[in-house]
Amino acid sequence: MLLGRVTGTVVASQKEPLMEGLTFLLIRQLAVDNTEANSYVVAVDSVGAGVGEVVMYASGSSARQTSVTQNKPCDAVVMAIVDTWEIDGETVYRK
Amino acid sequence: MLLGRVTGTVVASQKEPLMEGLTFLLIRQLAVDNTEANSYVVAVDSVGAGVGEVVMYASGSSARQTSVTQNKPCDAVVMAIVDTWEIDGETVYRK
Amino acid sequence: MLLGRVTGTVVASQKEPLMEGLTFLLIRQLAVDNTEANSYVVAVDSVGAGVGEVVMYASGSSARQTSVTQNKPCDAVVMAIVDTWEIDGETVYRK
Amino acid sequence: MLLGRVTGTVVASQKEPLMEGLTFLLIRQLAVDNTEANSYVVAVDSVGAGVGEVVMYASGSSARQTSVTQNKPCDAVVMAIVDTWEIDGETVYRK
Amino acid sequence: MLLGRVTGTVVASQKEPLMEGLTFLLIRQLAVDNTEANSYVVAVDSVGAGVGEVVMYASGSSARQTSVTQNKPCDAVVMAIVDTWEIDGETVYRK
């Protein structure tokens, strides 16, 4: 999984029918020091994450292992909202 | 998923029989600020996307989870045409 | 899928028995403007592609969705020989 | 698999129910000369690895092939604690 | 698949039980001109490859399609020992 910040949303009315009703979150990847990396991904929300929140997302076939994404053409899913992370005993991020 | 702009098409008459009848779209990846990134992918169309449109595409095994790509040697599929996306409350792209 | 030029072949007599009889093509990735990129892949041939030809290849689990690669430890397959591709209405490559 | 050093942990109370009870380790990737690379991954622990330890982790669908990660939205798993590694006959790392 | 040179081995006594008895090879990726690239992978051996040998390895779920790696948390497998490879009719490497 990677860490990211939810920075926005994507709206797409014309889409593969299996994707109806899902929320597409625009996630900017975070480096371990909590700075924003240059890469992003559009991930389906499975935990009720909102814009501004720090999350973890899973990619590839693992993104289809939630109840909302199963058997769907989805290659990235937000599967957790992060409370804190620590590096070498120091808290880098706290919600 | 990633955002991209359909910039062209690829024609291939000699191909794996399972790929017959599919449309191959040449997608240039878009950065979150709607500028064109340097990378591209050839993706199968599942939503009737045309040249010039901004789309979302799924990669890997997730690209086989549409009715047109199931069980086929396809590792990228256009699964939505994008209407808008927002970053931090500002609209970055509108169709 | 990505575009590539078949630049050579790899011979390996000592291999996983499931790979017996397959042809290993050395593919150099092409950029959308038909210049050679720096990266390569060794892909199994499923369409009779020869050295010099421009092809499309699929990666990952999708590379196992052809009759010659099914259930084999193969992560890249040439699944089409490219006739032409166009960008913004201009032909970039013609066989 | 890749080599990494466990540098911390991630806590996420609001998450996909399937992820309950798992430990999220923040892994910094190691180069072959045992220096820290710039990239990281959050991996689920399957072997009792602690902060500071050098481990191997598997990514993608292979990360779901352990008893703790099966059928879960997990794309990286620590599946071994490294004792030593050698390059060209020289020990680069010893626990 | 990618080309690599076996440059060493990794020993890990504490590991996911499914990985017992497997050999972990440290593979340095080779460029098409047979120079060593900067990236590496730890791959399970399925063909009896030794240190110094040039091999092909498969990644992702395809790495689980050999008898020794099936259903195991393994994302890279050495599935062939390379005899030769050619580019544009010239032999680049011969065992």
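Which chain is which? They are A, B, C, D and E, in the order written, and residues in each are numbered from 1.
In the analysis below, a residue touches a chain if its C-beta (ideal position, glycine included) is under 8 Å from a C-beta of that chain, and two chains touch if they have at least 3 such contacts.
Every value quoted in this text rests on a predicted model; they were computed, and no experiment measured them.
Using the contact threshold fixed earlier, the set of chains in contact with both chain B and chain D is A. Both copies, chain A and chain B, contribute mostly unmatched positions to the interface they share, with under half of the numbers common to the two. Put simply, chain B has to spin 145° for its C-alpha atoms to lie on chain E, with the angle rounded to a multiple of 5. Here the spacing of chain A and chain C, counted between their Cα centres, is 32 Å. Chain D and chain E, compared by their mean Cα positions, are separated by 20 Å. The residues of chain B that reach two or more other chains are 60-61, 63-64, listed in rising order.
Round the ring, from chain D by way of chain E, the chains line up as D, E, C, B, A. Interface residues of chain D facing chain A in the complex, by the touch rule stated above, are 7-16, 18-19, 24, 26, 28, 40-43, 51, 60-61, 63-64, 71-76.
Chain D makes touch with chain E in their complex at residues 1-3, 31-32, 46-48, 56, 58-66, 69, 77, 79-89, 92.
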